[in-house]
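First chain written, first letter: the chains are A, B, C and D, and each begins at residue 1.
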Amino acid sequence: MNFRSDNESPAATEIMAAIARANEGFVHSYGADPITARLDELFGDLFETEVTVLPVISGTAANALSLSLICPPYGMVFCHQHAHVNNDECSAPEFFTGGAKLRPLQGPGAKFTANALREAIEMTGAHGDHEPLPAAVSVTQSTELGAVYRPEEIAAITEVARAAGMATHMDGARFGNAIATLGCAPADVTWRAGIDVLSFGATKNGALAAEAVVLFRPQAEAGRRRSRAGHLLSKMRFLSAQLEAYIADGLWLRLAAAANRQAARLADGLEGVPGATVQRPVEANEVFAILPPAVIDGLEGRGIHLHRWPGVANQVRLVCAYCTRDEDVDAVISAARDAAQT
Amino acid sequence: MNFRSDNESPAATEIMAAIARANEGFVHSYGADPITARLDELFGDLFETEVTVLPVISGTAANALSLSLICPPYGMVFCHQHAHVNNDECSAPEFFTGGAKLRPLQGPGAKFTANALREAIEMTGAHGDHEPLPAAVSVTQSTELGAVYRPEEIAAITEVARAAGMATHMDGARFGNAIATLGCAPADVTWRAGIDVLSFGATKNGALAAEAVVLFRPQAEAGRRRSRAGHLLSKMRFLSAQLEAYIADGLWLRLAAAANRQAARLADGLEGVPGATVQRPVEANEVFAILPPAVIDGLEGRGIHLHRWPGVANQVRLVCAYCTRDEDVDAVISAARDAAQT
Amino acid sequence: MNFRSDNESPAATEIMAAIARANEGFVHSYGADPITARLDELFGDLFETEVTVLPVISGTAANALSLSLICPPYGMVFCHQHAHVNNDECSAPEFFTGGAKLRPLQGPGAKFTANALREAIEMTGAHGDHEPLPAAVSVTQSTELGAVYRPEEIAAITEVARAAGMATHMDGARFGNAIATLGCAPADVTWRAGIDVLSFGATKNGALAAEAVVLFRPQAEAGRRRSRAGHLLSKMRFLSAQLEAYIADGLWLRLAAAANRQAARLADGLEGVPGATVQRPVEANEVFAILPPAVIDGLEGRGIHLHRWPGVANQVRLVCAYCTRDEDVDAVISAARDAAQT
Amino acid sequence: MNFRSDNESPAATEIMAAIARANEGFVHSYGADPITARLDELFGDLFETEVTVLPVISGTAANALSLSLICPPYGMVFCHQHAHVNNDECSAPEFFTGGAKLRPLQGPGAKFTANALREAIEMTGAHGDHEPLPAAVSVTQSTELGAVYRPEEIAAITEVARAAGMATHMDGARFGNAIATLGCAPADVTWRAGIDVLSFGATKNGALAAEAVVLFRPQAEAGRRRSRAGHLLSKMRFLSAQLEAYIADGLWLRLAAAANRQAARLADGLEGVPGATVQRPVEANEVFAILPPAVIDGLEGRGIHLHRWPGVANQVRLVCAYCTRDEDVDAVISAARDAAQT
């Protein structure tokens, strides 16, 4: 049983079927195929506004490409200290932007506030040309610690950013999980809340390998930047087909809601385990908990994969995927109880 | 009917089946899955030597990543003027290397000789620190104009490179087509001929999106370079499965041979068309020809997709794919004859 | 006696005096000093328009910084094959732009024409996102082979550039020598002829180490780009003082005219040497000539430093500096005659 | 009177004289002159070991070039949060390295300990290819807050670095001030303590614009990296002459000692000012103090330039230069007392 990462889950049946359907004869390459041609409109419908969509195959590619569009080489990107762009992309943002500086912010649940951003911005400016230009802000939705920003929180952050002349990016590697929790329109927490560019993730939530850079404002030569990063697929149809199926008929939200539901069940169950502390809020599909060492060992001993979180003693992360079943969660809770009693 | 590019072909049945088979339950992500774990050995068997394999999803990624491993930012890469790395990757090599300089060489069929390389190297060195360091050579096999290097030609080139302290890369986007023509062992035209790094292509020849960077010599931190370029797939199994199926049981060579055979048939047929000149050698799966404008228009009017080659009047490229059928080629020849007579 | 390069000449008395005068007590650093404060206006007067001036200490810095302002990482810079930016800066333009592509053009005297540029531009565009964006043009004035563009030649080039949406740069490492020859206003061959950014050189013509990036159109964050390249001097006054003295009272033109005059004398004299061919035009301070090997050896044997030009048999370059004297030139001519007769 | 920065001081008489002496006739350019030729040996004598010296014109250039030699694009540089490389160089290290990540450490006086470094290193490694490779450590001597590392502190830091396979850099923009305080051999706190590369500063301490990158271990192609950054001066003799004069006869230490002495006097005097708190240790030429607002205003009102330190209320920095006089310091103390009593 695997709760280590939603990245370890298989691709959803609907996605696999869409890939198979796309495999019909010859079509033009590099995005000149009919499926790709539909994406701007389909995502435009989803987001209730005109958008440009650039499909890519990884979240790191989506984030780094997005940031390179809104932050110059001499710029500074504000993000949370625990942001994926700051910690888990081997300096891809620095690479794609040509050397921009990431400026980490603090805050519980890997969320930062508009005030924290404002204070950080106010600390810049005294050094003139000796310091990078505050240029961009990146928020993660849902966050790397499983929390979710409310639309008004995003709006407050982007208002501070806009006032300082900065552009805004949302890392939505788990965007579906956030929307499933919020119950709002995707627009409400993105462009209506002031977001300029969104990394819209699908891979963790059922796709094979598909993410979309969604531009709510036109950005110069995004296509050339994608191309020179090696991210313009020749057989683009297979990538676009995943994205099309993912947003068709609300599949993405159904899958995300399923994962969230299991995470909530898991959190509830773990709270009843002696010695366990679930680190609320569990607002998406990730559960962070402090567990007694014996429980951690016991779970792993029973073949349950989890993520021993680096840097915090006895902290683990358990992630529920779109395909995590009731019995899987039940089994974890039961195993944790057993281990706690031994 | 599509002869415009092998990139426009569908994925082969065997590849699709392998992807479907890989979609079983949870496995570890980012290359820690069992399929990826087998690749080094499988490719080692294929190449009769120890290798390290890094799967990526595009030829540009494979080439740019490869060059970044063997050429420093202050280095110079020698390649043919018509090389894909020089013309068709929107400066991806410059991006990945951090600003290296590509030094184009001349030669018919997009091939250059060891002598041409030697002369170009001899023209460097007079400017000291004012000029980039000759660091790497890149050859394309088969070339962008459909020609194939013989093992001894590659060996002569790499000997000149080695003598000048340079490392060597082969862009094998159509490597299968070259080997199908040469009939030699893959080793003979790569590491045994002095190649250090190979971009081993599969996408044009039946894969969905899969290329392998094959390292014949260890290169420091290739994995981190792949990661920061956004090319480390979370669900790597789907990429590795394509590569595994592609080289299993000689599928790659069967598919390439089929494409080559149709290209030879097509070339033969077009030579009989009044006013047509096939630009030999047709050694792989690409046919370059000068056709009367009426023939070009006639083919397109009959729904046959081809590539009007930029820069040369009345020159077209017709590419045969692994799945191009006898009747497709026959139809082109027949249509060309018709159009020539009108 | 040294005719190898004007870079080997000492600093002019007037420049040394200006540096000494600037060394009075404490002044604000990083360009907040009174001398630097005057530069925009002084250069504005010289160029008869509003300009922004960024002093730097090398021609490579001036060129690479300039190009980074007008060419994005995914852009293409058109320049002559023999351009300093293409050949003698160890890929500094690629480094500063973040990987832009230099596209070399041909033409005698290291000059290219508006037509050559137009044809090169027309060869782009067929590859879509696969090729870099034509973004900038760089011309050298006077050229690396000692020729000078007429204002109307520059205007024709920049018109082609502008029509293609490109910005324009002039490498004026020997700008003074060009103006001394043309006798026109500096404006006539720069912004009035459509140039956006000028590398205004002083080092080769009497300064200790001083070049100015002169912006005829505002460019975003040029200061931050200079800073992160390590080219923002703390004691900027010493750099600005050189530039101020250099353009005050026409010093720069007097020095350049003196150098040009000696080059003309040298060319005339060498033409009378048996077996020698001076490669006209000698329009600035550089003389290129094919000399009999015995003459080259003879000159060097008599302690006369010259530059054996790489790549062309028996070709030498002799450069006259602002401080080259009549007797120096006479001595070269006399030595060449002697050597030719032995 | 200026206590704002040693960067605002004039050049020392001895340095100006050396520049004037260097201005004799023609010499070879780009470092092929006799003065530059002597530098390796002169610095070798000073440091009691074989070294390679690359003169550059700014501290940012020295630091960024140094880091690019020892940290790859996918690497991580550990440094203090207040390090100049982290805060005051507009991402020059990121630019020169091609996107490396700076990892800030904490510690009083802008010093960090070997333990702090060890703990930070231990926090890496859990993310595999997703995080940059710990590659380099940079310490500043004396620090940005005026403190000085003891040789054994440096040795402990470099021992931790070495054990983790990392290389080490010292930012010695105020290296003379540190050595004047320590009284040890320059070797003791650099290569004997495990430092690989030193930015040896002269500009703040009497030079016009001169810093030396001193390599204690050979580094590949440092010259080409300098060249492509635009930092290879054509008239290098003027830069090398400053460095030669600076280290000849102990000038650098005499100048630094004079500055340190005045800083000590200034600190003593300010401690007697009501409401003032000097932030010890004052180990070099910088005094950090918390002063009553009225005192800060009073000093500025009396024409005394100081640096209101950003980020800390009522904190100022006063820097003594090599040429700060007894009466200047006395005047500050007296003015502060006056202002405190009003």
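Basically, contacts are C-beta pairs under 8 Å (C-beta built on N, C-alpha and C of every residue); 3 or more make two chains touch, one makes a residue touch a chain.
Bear in mind that the values here come from a model prediction, so they are computed numbers and not experimental data.
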Response to the item:
Of C-D and B-D, the pair with more C-beta contacts is C-D
Discussion item. Just the number, please: Cα centre separation of chain A and chain D in whole Å.
Written reply: 41
Fill in: Approximate Å spacing (C-alpha centroids) for the pair chain C, chain D
34
Worksheet item: Centre to centre, by mean C-alpha position, how many angstrom separate chain B and chain D?
Response: 50
Discussion item. Two-or-more-chain contact residues of chain C, please, as numbers and ranges.
Written reply: 30, 73-74, 89-91, 95, 98-99, 129-130, 132, 224, 227-228, 232
Worksheet item: So how do the chains connect up here, line, ring, star, complete, or something else (other)?
Response: complete
Discussion item. Touching residues of chain C toward chain D in the complex: what are they?
Written reply: 1-2, 4-5, 7-11, 16, 19-20, 23-30, 56-62, 64-65, 89-92, 95-96, 203-204, 208-209, 224, 227-235, 238-239, 305, 321
Worksheet, complete the sentence: chain B contacts chain D in the complex at 30, 72-74, 98-99, 128-130, 132-133, 220-221, 223-228, 232
Worksheet item: In the complex of these two chains, what residues of chain A are touching chain D?
Response: 73-74, 87-91, 94-95, 98-101, 123, 126-127, 129-132, 310-311
